[in-house]
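As written, the chain order gives the labels A, B, C and D, with residue 1 at the start of each chain.
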């Protein structure tokens, strides 16, 4: 119902999201989308790519008099600060861990290889734009979605933070971890990798609060299946879990099962190992998911690879502006991805109506 | 292209899979489907539910003269050995960890609650049937798919097994782990949980060999996204990862990147941390994914819960025939799920043709 | 939202419809489906095929305690009274006007050619079954759908009948035309063609009353586009029009435009040339569509054709049991097809809710 | 496989088409798209709207080095020469025959009503852009698609023209009818209506040559069903037919059936009453379809209508720049619509490959 189409490439005219199925009557201010996009730019440039994306959203359709019209909502961000020459030498050598080799095979070499083309992290900008709209829709029914970094390389967030602390603290530092002490260690881990010409990965957790029970579908369109699919649509994701996730496979059923109780006249669970989802449906508890990111593949360190034109072994050093860790930038992307799926399911179930109010 | 629709409930007339988009000309013998279905029934009944599903597949459409016709392929398995009375007492008490509470909310109580209805593991039988067809299609282009148990509760398969050893050893024991020593410990863990009225979970790994590079799509329809979605369509799944998966988030880029080399005139990688997928596309190396299952929620142990009719706290003991661990049964299901997604992508890319050969 | 999948072949085990997206809580009695299926069997066997389909519906899933559960609703009808030998001689000679030649090409000859296989009119039985469910859903919001024959060969219904007269009179005679005088002439036209070893076509009109304004979508998913697509999914359909249809192309805009007026506090139009649809959306007036059927291609008369195996010209006489006119049988099929599309759009817009009521 | 998404409104920043699934390796020059767009602007402004759309296509993604990349292909045309004030007075009075009343109901009044918003004929520009790409793809396998006007108001093209004559003559005059004599009468009919403050409709025929047999799908995704759906996605369409169409309902089966014969080693039919489609599949003969357009609803003549705010009867005169007949502009739109559907089905069947050639 809330169908998002992306287009654009890293070094083309720009990137865009088109949302088909956005309800009419949603107040939408480009400034709100800018605010979400800005979250992709951590304040401290040393931990992320030197490419500064100062994105300016153009709403090309679907908004009239400040409200969504119910027609497809198209949001475009022109590309700026492009330096294509950095990639020229990579045409023949496959970059280890990068999508360039299978992409070349798939598209017969016609793919736009500048800046990673369509596989570029640049494509996460339109996910964030679509997510900004989804978050507003969810906000209209009292649902909030927020993500934070829980691991960078080997540094884990060990403290149990309240939802309030996460919401307040995440975007105050450059690694998007709400605990400042852990955040400092994470930042150090990124800088260390960077100085060694290497890169690191990490884990982002995302929480959604306020969903009523019974949202979702069983089996093939289950809420967790759609969340998993959307998570793996984000570049560099290698793992996804809900609630206890992989850890659920090593605890007893009597421990993993969340006991029900009645609280303030509502059915709640005393623990939330299920991460808010049972049988593909919300159970009324907060949705909790975690997304694992691999370290970025583009590193200055010399690596063994193959010259694809001459089919012989060679070496490659990937220079240019690359992120030593994309996790900080990925936090708002995970937030957006989760929000898109939740908005879609809330629209399917009728929890969010097709028209928000009525215009005079 | 290879669209699978399931229907049926645990205690209704039967369960079925309808495949739309199966190529014409595939030789299909019901015995082959029976063979796959039989994998769901571990030889040792003590580790699984006492319900013995001796499934007899009826092909209702799509096969003529022993070959698929290109029309929708419908396969039906009647339900037998049903004892519905076991579930009668569960109508008012929500079972912790079970989908019954959110399902009741979603469907206004009209859902078929007998035997878990549509959320039942019984629905994995048609996944296996559809997977049997997908595996045959993949076999026609030299692709093989095989899964095995790598963890039950806290018992992990620590040995590194060859693909041959996995293929040969998996279905020789009741827990579907190819290493007999580990398998014995896993079996003991299940029996221990069972004797305590409890349950355990585990992890299934699935490998697919023989795919050419460049199969898949970028971003929203990426191969890993579709695999993740399909994995989460299997009941009780809480985690999914590709290649190194979650572990990729704690190694350096220089370690995680798989170096390319030329071997026998083909591009291969020296390691396979990517699990065969880069940027949503196959890179020509084996696909490796892992799926985490929670312990079954239905346990004889007494649990705290809520009486939904009277909205008050109560206790529940889930009796009846339930599996203390569904991982052994899940192994062929994961195999099937992965095969379905791979067949779909091979059809999309034209790697598997729309018609296999020509009839006289 | 109301997705119908058909499977089955003319001479296989049976034919079926699976509805995904049917709301929970719809009271459903197999007798109601039988009643609709019976409409496909005109009382006078001389105008239709000698094959008597006494269909017995088996509900395989999706109904519990007499109500739909919200799970996929599968309805199956076993095939009976099959005489496959009639078709044996047709294997090599393409039948003019029949789908057998392109079907053989598309499926490499693997298609089930017995009884027309999947292109058989037999596949309209599951459309009628799905339509029976759709009509019940529409009935729950006060919408009624009814079709009637308005032309057979050159005999047109010239009288302007009231909706009441159509509803009352259509199924009282064998050609499904509510005006008995015209019906008699139509019957004569069919018998004349039959006696000459030939066949005739005709036009079915379908009306839907009671839809509120604003149902549908603009452009690609417009209500008329979906109705057109569904109409052309019925075998032998060659034309589709809405309201004035083709005639609208030869009247002036000032004549074609339906003037609005206020009646009983509601906006209505004084004429209904639009057939109830403007810009892909309902305008609150009755939906009126017409569907043109060609004469059945299978005729006993000798025809010129090609021997496909030897690639030379030959003659063919199509014997066996064939309808000299399928229009009478098609009337309930058109009704069903229109109802399916309307139910789908009413579910999309939320006009029909996802759950009808609540179970104790 | 060839999915077209449109966005934009008549008076917004512009209109666009995004094609998902376009093969890589198609040589694409914006000039070719301009050429198709220019066909929407008949040379003689008196028969069409005074709004001159001098469209300049911007390719926003999916093309690199002059070839399609396989990534989504986004084409945008900015809107120019907009005069929104013309529509201000129409806010309260529903325009007879126009989509404004049901649109207002559907979207709670939030829809962009300027210039008809999304229901505007302006949205046919992106259909033509997508069609230009589809026509190039079809051209790569030797398929040509061409439409022409066969009726304006009561003036019909009675002469039987060769395909060559149609291709050569259609775009040489302002009404897009290849017979200059008939064209002149059609032009006069439009001018007469225009001078009377009225409007006229007409019929466009479209032919596709060169398709091999067996393209399409049976039943729900049949080629004719998809063509019908696409035709009704064009504004103002009220009828669609294939081959003999509605006329097929009044001829005998022995006349309607197209006899097969062998010609130059290929199976052909001696007549083409089927319009190239049997059972939803191509039969190797030219596709022939006809699309009926109603007269434009916006006319200067005074009409009876309703003031929607005050719910009382009133009068309306629709001034501003409106077409007295949209058929001439619709000819390239029908061509594009047909080409889009054919390209999609040729991609599905593998007749057009996913990659056209290989880049150095």
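What we mean here is this: contacts are C-beta pairs under 8 Å (C-beta built on N, C-alpha and C of every residue); 3 or more make two chains touch, one makes a residue touch a chain.
This is a predicted model, so every value here is computed, not measured.
Enquirer: When the contacting C-beta pairs are counted for A-C and for B-C, which pair yields the higher total?
Expert: B-C
Enquirer: With centres defined as the mean of C-alpha atoms, identify the chain lying farthest from subunit A.
Expert: C
Enquirer: Approximately how many whole Å separate the CA-defined centres of subunit B and subunit C?
Expert: Distance between chain centres: 39 Å.
Enquirer: In angstrom, rounded to a whole number, how far apart do the mean CA points of subunit C and subunit D lie?
Expert: About 27 Å, centre to centre.
Enquirer: Just curious, how far off is subunit C from subunit A if you go by their C-alpha centres, in Å?
Expert: Measuring from centre to centre gives 46 Å for this pair.
Enquirer: Which positions in subunit B are in touch with at least two other chains?
Expert: Those would be 6, 71, 106, 118, 218, 349.
Enquirer: Subunit B touches which residues of subunit D in the complex?
Expert: Subunit D residues touching subunit B: 71, 218, 349-350, 353-354.
Enquirer: Could you list, by residue number, the parts of subunit A that touch subunit D in their complex?
Expert: Per the touch definition, subunit A meets subunit D at residues 5-9, 12-16, 18, 20, 24-25, 58-62, 64-65, 67-74, 76, 106-112, 114, 117-118, 355-360.
Enquirer: If you look only at subunit C, which of its residues touch subunit D in the complex?
Expert: 4, 6, 94, 96-99, 101-103, 105-106, 118-119, 123, 151, 153-154, 193, 198-203, 212-216, 218-220, 222, 224-233, 235, 237-246, 248-254, 256-262, 265, 267, 269-270, 273-275, 278-284, 292-297, 299, 301, 303-306, 308, 311-313, 349
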